[in-house]
Amino acid sequence: MNKNLTSISKQALWQNNPALVQLLGLCPLLAVSASVVNALGLALATTMVLIFSNLIVSLIRHQVTDAIRLPVFVLIIASFVTCAELLMQAYAYSLYLSIGIFIPLIVTNCAILGRAVTFAVKNSPLISAFDGLMMGLGFSSILILLGALRELFGTGKLFANMDILLPMASNWEITILPNYSGFLFALLPPGAFLFMGMLLALKNFIDKQLADSITKHQNAQQMASRFAKDMS
Amino acid sequence: MAVKKIKLPTKLKAFSTSLIMLWVLAACIPGLVALTVFFGWGSIINIIWLGIWALLFESMVLVFRKRPLGFYLKDYSALVTAVLLGLCIPPSSPWWLSLTGIFFAIVIAKHLYGGLGQNLFNPAMVAYAVLLIAFPLEMTNWTIPLGIEQEIDAYTGATALDLFRNERGAMLVNEFWSQHSAFGTLSGIGWEWVNGGFLLGGLVLLYKRIIGWQIPVAMLGSLLLMSALFYDGGSSASGGSPFMHLFGGGTMLGAFFIATDPVTASTTPKGRLIYGALIGIVTYIIRVWGAYPDGIAFAVLLGNFTAPFIDYYTQPTPSQHA
Amino acid sequence: MSELIIILISAILVNNFVLVQFLGLCPFMGSSNKIETAIGMSAATTFVLTLASMVSYLVYQYLLVPLDITWLRTIAFIVVIAALVNFTEILMLKTSPLLHKVLGIFLPLITTNCAVLGVALLNINAGNSFVESAFYGFGAALGFSLVLVLFAALREKLNLADVPAPFQGPSIAMITAALMSLAFMGFTGLV
Amino acid sequence: MPSELRHSILLNTGRLAGFAIAAAIILSLVYALTETRITNQMLAAQRQALNSIFPASEHDNDLISDSFIIDINSSEYSNLELLGLRENSHAYVARKNMQPSGLILPFVARDGYNGDIDLLLGVSIEGLVTGLRVTAHRETPGLGDLIDLRVSDWILSFNNRSLVNPELSGWTVRKNAGVFDQFTGATITPRAVTVATAKALEFFEENKSRLLSL
């Protein structure tokens, strides 16, 4: 059981990360990552929708026949997206003004429908909700990382305007690079594509390093055991 | 789809590649001389600075990828990229601007695609476009041509193309030229000479058959056609005279030295005509109606973007070969 | 008329759906491996996108607005799009099996193409009329098709390149998209 | 068989309808709970934007409800073309103790580098600029978009200016012998904004009584 949860987390956060590996939900990921606050707003909304849609899909999985599965799932997801939109309008209106159009588009984020169809229909509600949370975090971490990178390279600052999401965060802005004249490229569309490409390469690079160190480790063990055998 | 893969230089090829690159470098000299005469030593300093970093970045990537250093460095292609970029950016550019540019050119546009012969986009133009959208202020800040400082003191920076965009609408084009006589009669003092220099160098390259005629002819022709079509004798809505477009900004450098880059251009004869014409038309559109003063870099990148598609549909059929 | 041309130029070049507005990236990355696939995808998407922007306009103006339930637009549009895709598939099967054979496999993918939902929402945000909506949808689809087909041609050339190991696959495709987007930045300010 | 098929269709339709109804009920509930708050938030955001152009301390009325539409085909005004408007737009009257204390006027600078720049001008009854904001523009990023308050605070340099401070000839950028700063490198955008603002002020002076009686 515990092992199961660990493997879900590992899958969602790294090996099968929805943004880095499955390349799902790229549209909002690239469009809303020009600053940390926008990225965080979308990350929260997407994660919430993922958790609740997974939970509900799992709860009703025995009542849904194959014939009506897709329409029902889309209906559930669209409902939660509408809820998220209404709540954001009510409680973070300035944030809604800046990323508004991309909230409804969460519906077409294939990562969400994909999890409902491949995971939630086969698993118990709690596990499904946990999977939703982890998938959401996997997506969010990349989204926020991209937002932070672009904001840092673009403006030399981090966490600007955080108060439009969190009212108490009005003075969270930190200047990392003083006297930085700004690299506008990072904030414009080509910058979004480039930084995402770099993150994908970084993931590949780290995977390669990990794989290398594992094979090295295995080789060393083999050598040691062979050596031990020879000695005996 | 048959895309001609440009083979990695073998011993013999390395010699010919480097010889071609040397000719290209030599052909840049007249234009560079004109730039230096009118705008000071800035361009030469930029080229040296860019050249050093181009070689450094190239070596770093090669070492990192465990490729033989000397073998690749000998083809001078990194130097050509550095020189072309140095000729495009304003002579007064700060050091970090050119450094950013050459990083994008060599590391991202060239070596992420595997190096010479495999890049999809012209490295110098990628760098120029990145710099233009990232630092529009510094990139449109040309020093005043030497010797006429007092006369146009109020117009710090700005090439004739910039200035034209800025003043257009406020006055008739003829008034514009008479008021700014310091900018020369065709496309601004200095600029007609700079472009003339590159035209001369380009003709040498043509004569030596280092470049084909199709791309420059198609590009200049379509630019001429567009500007003649939309030039209504100089009302405030006019797009500027054909001469200004041909001899202003980076037209000649673009037509003979940049659009003709064999790696990123179209490879079929018919394709080259379409490719060149496309670049000329887009250059005009961006210059006259776009948000950035000179459109050559964007036009070349768009040309690079469409080149494989153009090639795909202009491949000579087998019967033509027979 | 010039208004409509401006809408077209804006949707195709200046605010290109894929390279500037980041809509429809999944099919852009997913179906650009071969030129033929890209052309098929483009044709199917153009058809659905144009139709969807017209139908969603009608649904919005004559159903959601009178009933004062515009906040339900997301659900309404996704239902409309799914129904439209289904309908298109049946219609195609009945009238032109050949066309269905060529384009049919792309149709289910279009439901989850965020460009389709995006165009419906953007039309409402911009307050476009019925004709304007149709042109906007058509222009967006043309812009999508243009870059998809060009990218597919480019990718065949890219497959031959000796890309450094970590950058192979989606990474270099993304970086290529960055350079394409850079080229499209030149159209900024045209309209 | 057919009866079984019909049964299954009926069952599925029933279930689908059931899910749809459940979703509708839950959504209506959420909507009902958030509706008033959303309306309030929208109004508050709009009010805040208007108050940044005309300070809340200078008026005590609700600007949103005290607005009127400037019809571009109207002949009530003299020299309406000074505003450069392309479509009918809202103007807002500011009042203190029921007396008009100023106006928020929409206008368009048509000669930006890339076309129209939409602006809102707050002007007091004495003709002083209380605030100026760009509401829509297509100027080049990094070059012309410095007129946007989110990018630079250049636009604040208009506060407390009027048609006598400076004289009309000074209402342009320094490069053209005016008193307003252009940004380095770019002239056309700041000049377009400056000149259009002066025109809007002129329009206000010429039509003051007409505008404030409304």
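Chains here go by letter, A, B, C and D, matching the order in which they are written, and residues are numbered from 1 within each.
Note that in this section a residue touches a chain if its C-beta (ideal position, glycine included) is under 8 Å from a C-beta of that chain, and two chains touch if they have at least 3 such contacts.
Model, not experiment: these values are computed from the prediction.
Peer 1: Most central chain by CA mean?
Peer 2: C
Peer 1: Look at the interfaces A-C and A-B and say which one is made up of more C-beta pairs in contact.
Peer 2: Between A-C and A-B, the larger count of C-beta pairs in contact belongs to A-C.
Peer 1: When the centre of a chain is set as the mean of its C-alpha atoms, what distance in Å lies between chain A and chain C?
Peer 2: The computed centroid separation for chain A versus chain C comes out at 24 Å.
Peer 1: Could you grab the centroid distance between chain A and chain B? Build each centroid from C-alpha atoms only and quote it in angstrom.
Peer 2: Averaging C-alpha atoms per chain gives centres 41 Å apart.
Peer 1: What whole-Å value do you get for the distance between chain C and chain D if each is reduced to the mean of its CA atoms?
Peer 2: 31
Peer 1: Can you work out the whole-Å distance between the CA centroids of chain A and chain D?
Peer 2: Spacing between the chain centres: roughly 36 Å.
Peer 1: Multi-chain contacts in chain A: which residues touch at least two other chains?
Peer 2: Counting only residues that touch two or more other chains, chain A contributes 71, 75, 79, 82, 86, 184, 188, 190, 194.
Peer 1: What residues in chain B touch two or more of the other chains?
Peer 2: 108, 130, 133-136, 290-292
Peer 1: Considering chain C alone, which of its residues make contact with at least two other chains?
Peer 2: Within chain C, residues 71-72, 75, 167, 172, 175, 179, 182, 184-185, 188-189 contact more than one other chain.
Peer 1: Enumerate the contact residues on chain A facing chain C in the complex.
Peer 2: Checking each residue of chain A against chain C gives 23-24, 26-28, 30-31, 71, 74-75, 78-79, 81-82, 85-86, 101, 104-105, 107-110, 113, 188-194, 196-198, 200-202, 204-205, 208.
Peer 1: Note which residues of chain D are touching chain C in the complex, please.
Peer 2: The contact residues of chain D facing chain C are 23, 27, 31, 113-115, 138-141.
Peer 1: Mind pulling up the chain C residues that touch chain A in the complex?
Peer 2: Touching chain A: residues 19-26, 29, 71-75, 77-79, 82, 112-114, 116-118, 121-122, 125, 165-175, 177-179, 181-182, 184-185 of chain C.
Peer 1: Note which residues of chain D are touching chain A in the complex, please.
Peer 2: Contacts found on chain D: 8, 11-12, 15-16, 19-20, 23, 26-27, 30-31, 34, 37-38, 41-42, 44-45, 141-142.
Peer 1: So in the complex, the part of chain B that touches chain A is made up of which residues?
Peer 2: Going by the criterion above, the answer is residues 100, 108, 130, 133-136.
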